[in-house]
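Down below are the structures I want you to see.
In what comes next, chain A is part of two complexes: it sits with chain B in the first one and with chain C in the second one.
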Partner chain A sequence: MDLLWFDYANLALNGLAEGLMIALPALAVTLVFGVARFPNAAVGDFVSLGCFGALAAHRATGGSIAASLAGGAAAGALGSWLGWKLAFQPLMRRHGLALLLTSIGLGFVLRAFMGLSFGHEIQLFDVPLMKALRFGPLLVNPIDAMVACFSLVCMGIVFGLLRFTSAGRTMRAIACDMDLARVVGIDSRAAMGRMWVLSGVICGVAGLALGLKTQVSPEAGADLLLPAFAAAVIGGLGNPLGAVLGAICLGVMQELSTPFVGFTYKIALSYVVMLLVLLWRPQGLFNRVQGVR
Partner chain B sequence: MEFILFLERKNVNQLDRRQILVAGALGALVQGGNVWAAQPAGAAFRIGALNPITGSGANFGSGMQKAILFSAEEVNAAGGAAGRKLEVFAEDDQTSPTAAVLAAKKLLEVNKVQAILGTWASGVSLAVLPMTNTADAILMHTSGAVALADPKINAKKMAYRYQGSSKHLSRAFATAAKKEGLTRPAVMAQNNPALAPHAEGFRKAWIADGGKLTDFVLYEPNRPSYRSELQQVLRSRPDGIILSAYVPDATAIVREWAQLGTPMKWIIPGFGANVDFIKGVTPEVAEGIVVVESVVNEKSGAYARFAQQFALSMKQAPESNVYAAMCYDMVQVLALAIEAAGPGADTVAIAAKIHAVTTGAGTPVDSFAAGKKLLAQKKAVNYVGASSTIDFDDENDVDPTFAAFTIRGGKWQRSYPISG
Partner chain C sequence: MEAYLLAIAITALVYVLLTLGLNFQYGFTGLINFGYVGFFALGAYASAICTVRLGWPAWTGFAIGIVVPALLAWPIGRVALRLRDDYLAIVTLGFSEIVRLVIVSEKDLTNGNQGIAGVPKLFAGVAGPGYADGVLAAVLVLAVVLVALLMRAIVKSPYGRLIQAIRDDETALLALGKDPARFKTQVLMLGAAIAGFAGSFYAHYIGFVTPEQFVPIVTFQVWMAMIMGGVGRLRGAVVGAFMLLVILEGSRVARDIVPGVSEVAMSSARLAVIGLALILFIRFRPQGLLGIKRD
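Up next, the complex of A and B:
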């Protein structure tokens, strides 16, 4: 069956929605990698934690989305900060591999904790099913639009924080060179703590977005981990804008490929793209090559 | 000095490696010896309850495990089988083959179980079967994949299926689609070892009957959205969609469909459209969806006993978990086979008795306790179970009865039976 232009446009829209969804955890991955120098495999589980926080707030307040946003962000931030204090901080000067393994372990602990506390049944946000908005032949799901807004606003705030506040500057300074930052008087531990809280808040917002779009379960967030990693790698690890653009590229490309490769291979395609990017521009699409220090 | 140090270090390294090798080999021997050691008569018969407590089978797993436990208690209360008490070791397979293999390894090697009961997802059963084969353990599962009946895979014929296989379910779906008056249905199925062959089986049965399909889409599980998949299927303008899915993806897909607002008739297997599905998509959206499911053997005494205990321990309606009824039957059948094989029999001899106590011309019994009495009088028995009459064919498959239900007011309402 021949596809018309609007079929492709609808696919691209679906891809954009998915990309913006992945962009948040990708941002969290890249932030941790940029500052703490290790790939955090527990990002997906912080997203699930945010999911449950948002769901609890949603139920407690009788369906307030603002309260869910606060609940998700708070749960994500608390989980992430505790993870930093209890698991990562004691290992901070170790090799990245030790930290990666710790984050994998932390992910297991978090999943088990959520399973025990909230159960493994699928839970849903009690929001009315809304009809898709039609713009001629184009279809936009209101929930997707809402999720996209959350993502964009959250990213805007994160970029503002990193760019224009002293907390952001200290974070960028320790990302650049931790020892030098300490020499000039930056409290690297405090800055690191703030970075973990920020990454937790991002995961929490992602949790709400994921919960609204799909379902809440202890494993829900972990499924986002690999796409988020792929997006962060494509955009250049440590580059926040790159992670977001990488996620959007991946999402759109994945959906647009489906008429040609089918639905089972579209996921593989994103990893093929990642491999090609790594071959062609190992530093990622949006990073410059840096001199060896 | 440097040189000597180097030599010494090298020696130490070599010794270490040798020691490790020797220790490893010894360990393997000791371990292996234990696995193969014969069980003394009168020792407990150890059962591994390997069920999907978490993952996409989580809606059923806890109930399945509970059913194995209370069924085993019932057997023990009746004095055990052939003088042996049943001892149950429970594990979670996480509905994931990787996790299941680790859990099965622990059950077989550490707990030394002689049978593993209640694996649910086909991927899990396919992963565990080679391990139970190697250990000469019995496997009883509720998975649909046709491959599980393959003589190469079920090589020792020690695996038994208590659920209709995909081939039965596919035929039941084709019958239901015809009864619902569909002329141009489309198929959406999760790409996994049970659901994809089920969808493929439906396609074959439907086309063999002269029918046409408008589209056939396989999708990957655990996606944040199935929008593109759904839009493609809807573009082909089907008059109904056969959706072969588990609860999480079925919920997501039907929710997305409700947002698009195209009228559609859905036919979904029961394991994808249970209570949680209805809650997830809301009863209004679920209204009119057709569900095909193997039905429990309501009129049997075994079902009455199962239902009473299940309602007590799970605080759920017993008919909501047909797999729990299958698990209840697994233990009863296993105990009857142990009893029939006599004291001190090994697992191969016990497995060989399973057909004899379930299938054939013996006196119908609906519990282990009743069967035990008859077996003591040297009479043949035929167990009639809670989930089905439990009659195994040559491939160790049961052929259960299916029924079509329609969701009305948030509940399944039985429409018509479909014979297998």
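Up next, the complex of A and C:
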């Protein structure tokens, strides 16, 4: 069967939606990496937490999407903040590996907690079925469109925060040079706390997006971890815009490759692309070369 | 009861082998390999494919199961070792997932998600079916001792001092005109070969292989065994692996004692215990039980 141009265009649109969803956890990964200096492997589980928070709010309010957004963001932020307070803060001065392994342990604990409290049955958001939006031969799933909007708005807010508020400036200062930031009087602990809350909110929104697009289960978010890592690495760890662009590139590429490599290998493709990017530009596509890598 | 203890001992010995290999990579050389299970899977599948699908003798599986992981570790080393630690962690984690995806997809070779059953028990012909596991345990003890002696010889040699210098101060080593990337690649390959070796034993003992057995959590269990026993301590690998088995099996025993707990709930609880142990060890005793405190 030959595919026509609009089949590819539809695949690319799907990929865009997928990419915009992965962009959120990728953004969370890169934010934590920039400020706290380690790849946070619990990001996927914060996303699952957001998923359950959103689902609970959705059911409690009889299907309000705004409430689920708030619920997801609150659950993600709470989980992330608790993780910072209980697990990461005591290790702030330790080697990055200690934090990385702690984040893996925290991820296990969160997954176990969700499994015990909400069960392992796959749950779904009860949203009314909607007809796909048609633009000529192009089809857009309204859920995808909604998820993409959430994602774009969330990213817009995050970039605004980072760029234009003093909280964002302190975060960027710490990302740039922790010691210098402290010398000029930035309260790094408080700024770290804010960063963790922000990254938790992003994960929470990603949780709602994931739940709407697919399903809710304690493991659902963890499956996003590696694509998010890959996107963040491709964009250059610590570079927020790079992470978003990397995620979109990966999403589109994965979907476009499906007719050629099949469904299983499209996931492997993101790792292969990551390896190639690391070979070609070890600092990531959108990062400048730094002194030490 | 004896059969149960023997089963635990064999599994623990496989974990000891894995922990030795990982300890070589991380404990002595400082390489953060988060894709260790990928090499383990390659060894297990090499044995399963050779004996079940091709009908070759068991030793061919062991040979291929040692060589293939080592060869695949080479390109990873080339790509990742020029990068910072965190990148190596992510790249190796990605590698183990690629291995799993390939196993799931290449159904002609691996039978996909169904896996390969009927991997023959070793020594069943020699010792009789009732004693095969006992002989296997003895052989595994021998294998562990040999690998541990090999590690010890390497670590004590000039080469061993060099790789430990990589861990402690790579820049100083560069200044001395050594090429750390080359040595790191070799360490990665040797560690991978040990993982593959353990994988072959595992396949022959369990009798079947499926992609589900080789998920990333296995890597972190090995990491946990290494951390609990003591990073950079060969004896620690034994202590850590057996402690890990106590934790894993303890939760299974608890289920028999405490009634009314479902299998799923118990597996969640087990995950929580693993996660908590990892967090607490890193926070309060990062050098492990037998480790030496280092700054």
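Assume the second predicted complex is superposed on the first by the 290 of 293 C-alpha atoms of A that agree within 3 Å, B and C clash if a C-alpha of one lies under 4 Å from a C-alpha of the other, contacts with A are read in each partner's own complex, and residues count from 1 in each chain.
As a convention for this text, a residue touches a chain if its C-beta (ideal position, glycine included) is under 8 Å from a C-beta of that chain, and two chains touch if they have at least 3 such contacts.
Note that the structure is a prediction, hence the values are computed from the model and not measured.
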Mind checking the superposed model to see whether chain B and chain C fit together on chain A or clash?
clash
If you stack the two complexes on chain A, which partner ends up touching A:264: first (chain B), second (chain C), both, or neither?
both
For A:39 in the superposed arrangement: first (chain B), second (chain C), both or neither?
second
Could you tell me if A:278 is touching chain B, chain C, both of them or neither one (first, second, both, neither)?
second
With both complexes overlaid on chain A, does A:139 touch chain B (first), chain C (second), both or neither?
first
I'd like to know which partner A:115 touches here: chain B for first, chain C for second, both or neither.
both
Answer with first, second, both or neither: which of chain B and chain C does A:255 touch in the superposed model?
first
Give one of first, second, both or neither to describe whether A:176 is in contact with chain B, with chain C, with both, or with none.
neither
Can A:153 be said to touch chain B (first), chain C (second), both, or neither?
neither
Can you tell me which of the listed chain C stretches (113-121, 149-157, 185-193 or 275-283) runs into chain B once everything is aligned on A?
113-121
Chain A residues where the chain B and chain C footprints coincide 115, 120, 218, 262, 264, 267
Interfacial residue positions of chain A with respect to chain B in the complex:
1, 7, 10-11, 14-15, 17-18, 21-22, 115, 120-122, 124, 129-132, 139, 141, 143-144, 210, 213-215, 217-219, 223-224, 255, 258-259, 262-264, 266-267
Taking the complex as given, what residues does chain C use to touch chain A?
32, 79-80, 82-87, 89-91, 93-95, 97-98, 101-102, 104-105, 217, 220, 223, 227, 264-265, 267-272, 274-279, 282-283, 286
In the complex with chain C, residue positions of chain A that touch it:
33, 38-39, 87, 90-91, 94, 96-98, 100-102, 104-113, 115-116, 119-120, 218, 226, 229-230, 233, 237, 262, 264-265, 267-268, 271-272, 274-275, 278-279, 282, 292-293
Residue set of chain B touching chain A in the complex reads 53-55, 58-59, 191, 217-220, 222-225, 227-229, 231-232, 235-236, 247-248, 251-252, 255-256, 258-261, 276, 279-282, 285
